[in-house]
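Starting off with a structure, shown below.
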Amino acid sequence: MSLTPVELKAALEATIYAADEPATLEQLASALGEEKSVVRAALDELVASYASEERGVEVRAVAGGYKMYTKPQHHEAVRRFIKSLRPPLRLTMPALETLAVIAYKQPATGPEIQEIRGVNCAGVLKTLLEKRLIVTAGRKEVIGRPILYRTSKEFLMRFGLSDVDELPSLKEFEALAREALGADEGVAVTEPAASALQKTSPGGQPGDAEVKAAAAAAATGETAGTNSAS
Amino acid sequence: MSLTPVELKAALEATIYAADEPATLEQLASALGEEKSVVRAALDELVASYASEERGVEVRAVAGGYKMYTKPQHHEAVRRFIKSLRPPLRLTMPALETLAVIAYKQPATGPEIQEIRGVNCAGVLKTLLEKRLIVTAGRKEVIGRPILYRTSKEFLMRFGLSDVDELPSLKEFEALAREALGADEGVAVTEPAASALQKTSPGGQPGDAEVKAAAAAAATGETAGTNSAS
Amino acid sequence: MATPYKIQIPMYEGPLDLLLDLIRKQEMDIHNIPIAKITGQYLEYLHKLEALDIDVSADFIYMAATLILIKSKMLLPPDPLAGPEEQEDPRADLVHRLVEHEKFKNAAQLLYQKQQIEEHVWSRPDRSLYEGEEAEGEITVSLVDLIKVFQEVLERRKEVTKIALSHDQFTVAQMMEELRKQLIAGEDGVRLVAFFEACPSRHAMIVAFLAVLEMVRLQAVVLTQEQLFGEIVLRKHKMFDVVFSGGGAERSVPDETALNKIDEQYQ
């Protein structure tokens, strides 16, 4: 077929705009009949053109593909025009911790997760399965043949990750925790960052500034310091 | 509020992109807290910027409001892309039930499946055969020699299994469900029980029942409150 | 009513959370935990829970035992025969677990923040180009749906059984038919005691017992017991399909008069 660069970029924009699921490079290249390298270059250009300040929408790499989203800073304006708000994904801290263990140790069995968390996780696992954030991944060939779990595509999408490798390494969390502790000398930690954050939305929405701050923090991976809050 | 022209255009783009229905000038102006004339000028600019050749999407005035569409010249590319995707497995409830019975009871005959489900399965079996989720596996040597069915390779692929013995057994699933019962991990405690307690003013005291309930919840792992000690 | 004294007690999901909180709040060095002090504080917390009449889970109690064990090991003089490298700190395992646990807690915080951001953005695929793709009444299914649905089907089957068993009069043939249905539907056989208990009357129970005996005689089923005094489970046996194909059962059951005689004997 061979499209001009301008046509290719326009076709990519149209496709990503319309697609239900994140569109992968391979899918896009094969549907448009173009070389992957050419498509990748056009995608980079498309992503860059949406990144500019004057755009309210962006094209992001998520769950191994590309997908269009509104930018977080416009959430207040956008929310008013959405009648059918999707139910928020409400996860408890135990559920998030279990998810974190699976994300880093996958594939992991129930007993392995329990060992790390120090408590029984079966109930949480069922919740995560039902919310489709984790999936089963066969069985481990040890006594009892326990079921293995790994995170799903839904997990990547719900947490805005293009791949689990995108998560900071566990080592970084250790270093951050130590730093946070050092910086915090003399201040008793009465409330961890999470509950402070959670309090912002018991039904209401966190303010714009908070979302932006969280966005910035998450982007730089600097968030892990739990104990540095308050 | 008063946004800069760039911010206004970005907010309009985000809103029109995400809105459930065409957003009218009046709605947009009031949501953004701007003069209608200002918003109209920004909208014109937005429409113009999308009109350019290099864009695959456009903003059109329709039904008294503004809405985003893929440009018609790219419909073919988008359709080709959608067609190339492997659609997610979609089944009706009766089909899913029948498939579940076969998966766990295989090989099973039509009369056996009917026996378990309590309803006639002939039509559903045909659908499942057509979708290649099940295959025939000879006949059972009983009177009438009914056909036996079992799940197919396609079934394994669709459910991410490498072998049928990877299916979680009912016992395993019930174990997960039992743990989930009572410890309602799925429902987020947006406010950790512990910090909720702490928030009771120094003068006031939480009622005994309340404390016990929260404590019991925490003991069964129901609370999200982790470190919030006072 | 308010309690006579103020109770403010933090709640922890598990023992590791409690320990980490104690360590962090008091700014202890996690790699050099004052084990006697921590053990004391840990036990004090458990006692508070007990005072409040809160069930302390086994996880917490197990950790208490672990702490006490470590504490007593710390009191022992070092092994004079072991070199300095061989002297393992009795706390090492616990420290490792705590450090690991904390890392995942921090990772969970990051996930929480990332997820918060995603709650504030929207994606709107252009559904108009998908029209006609989805048939009415279809749902996207996954492995979890498969097992959940199977469980529901079996539950529904049990309900039907209950209704069927609430008839007043049974014949052995009817009861065998009922057992056959349950054997086909059940995951791993039929639990004998449960089956008898489901019978609405003494008469029904006797008939059920006769039906089981008859099926064993015909080698349609086999009774298994995994351990001494364990549960007796009825499973399909080699002649199951033969006995139950095309009225085989009808032919071989005792006739009504014989049954009535048995019933009379019991009355």
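Note that the chains take the letters A, B and C in the order they are written out, and that residue 1 is the start of every chain.
Here is the rule we go by: a residue touches a chain if its C-beta (ideal position, glycine included) is under 8 Å from a C-beta of that chain, and two chains touch if they have at least 3 such contacts.
Everything numeric in this text was worked out from a predicted model, so none of it was measured.
Colleague: When you draw the chains as points and link the ones that touch, which shape shows up: line, ring, star, complete, or other?
Modeller: Contact pattern: complete, every chain touching every other.
Colleague: Among the chains here, which has the CA centroid at the largest distance from chain A's centroid?
Modeller: C
Colleague: Please list the single chain whose C-alpha centre lies closest to the global protein C-alpha centre.
Modeller: Closest chain centre to the overall C-alpha centroid: B.
Colleague: Rounded to the nearest whole Å, what is the centre-to-centre distance of chain A and chain C, using the mean of the C-alpha atoms as each centre?
Modeller: Here the centre of chain C sits 31 Å away from the centre of chain A.
Colleague: Rounded to a whole Å, what is the gap between the Cα centroids of chain B and chain C?
Modeller: Averaging C-alpha atoms per chain gives centres 27 Å apart.
Colleague: CA centre of chain A versus CA centre of chain B: separation in Å?
Modeller: Averaging C-alpha atoms per chain gives centres 15 Å apart.
Colleague: So which bits of chain B are touching at least two other chains?
Modeller: 17-18, 68, 70, 75, 78, 82, 160-161, 168, 173, 192, 198, 221, 223, 225-230
Colleague: Which parts of chain C, given as residue numbers and ranges, touch two or more other chains?
Modeller: Expected reply: 13-14, 17, 24-25, 57, 105, 122-124, 126, 129-130, 142-143.
Colleague: Under the definition above, what is the set of chain C residues touching chain B in their complex?
Modeller: Residues 1-3, 6-14, 17, 20-21, 24-25, 49, 52-57, 105, 122-124, 126, 128-130, 133-135, 137-143, 145-154, 156-157, 160, 181, 184-185, 187, 241-242, 244-246 of chain C touch chain B in their complex.
Colleague: Please give the residue numbers of chain C that touch chain A in the complex, ascending.
Modeller: Chain C reaches chain A through residues 13-17, 24-25, 27, 57, 59, 63, 97, 99-126, 129-130, 142-144.
Colleague: Considering only the defined contacts, which chain A positions touch chain C in the complex?
Modeller: 17-20, 67-72, 75, 78, 82, 88-89, 91, 93-94, 96-97, 99-101, 103-104, 116-120, 129-130, 132, 135-136, 157-161, 167-168, 170, 173-174, 176-177, 181, 185, 188-189, 192-194, 197-198, 201, 205-206, 211, 214-215, 217-218, 221, 223-227
Colleague: Spell out the residues on chain B that touch chain A in their complex, using ranges where they run on.
Modeller: Touching chain A from chain B are residues 6, 9-15, 17-21, 23, 27, 31-32, 53-57, 68, 70-71, 74-75, 77-78, 80-82, 84-85, 160-162, 165-166, 168, 172-173, 175-183, 185-192, 195, 198, 221-230.
Colleague: Enumerate the contact residues on chain A facing chain B in the complex.
Modeller: So the residues of chain A touching chain B come out as 6, 9-15, 17-19, 21, 23, 27-28, 30-32, 53-57, 68, 70-71, 74, 77-78, 80-84, 90-95, 119-127, 129-131, 135-139, 147, 189-192, 194-195, 198-199, 201-203, 226.
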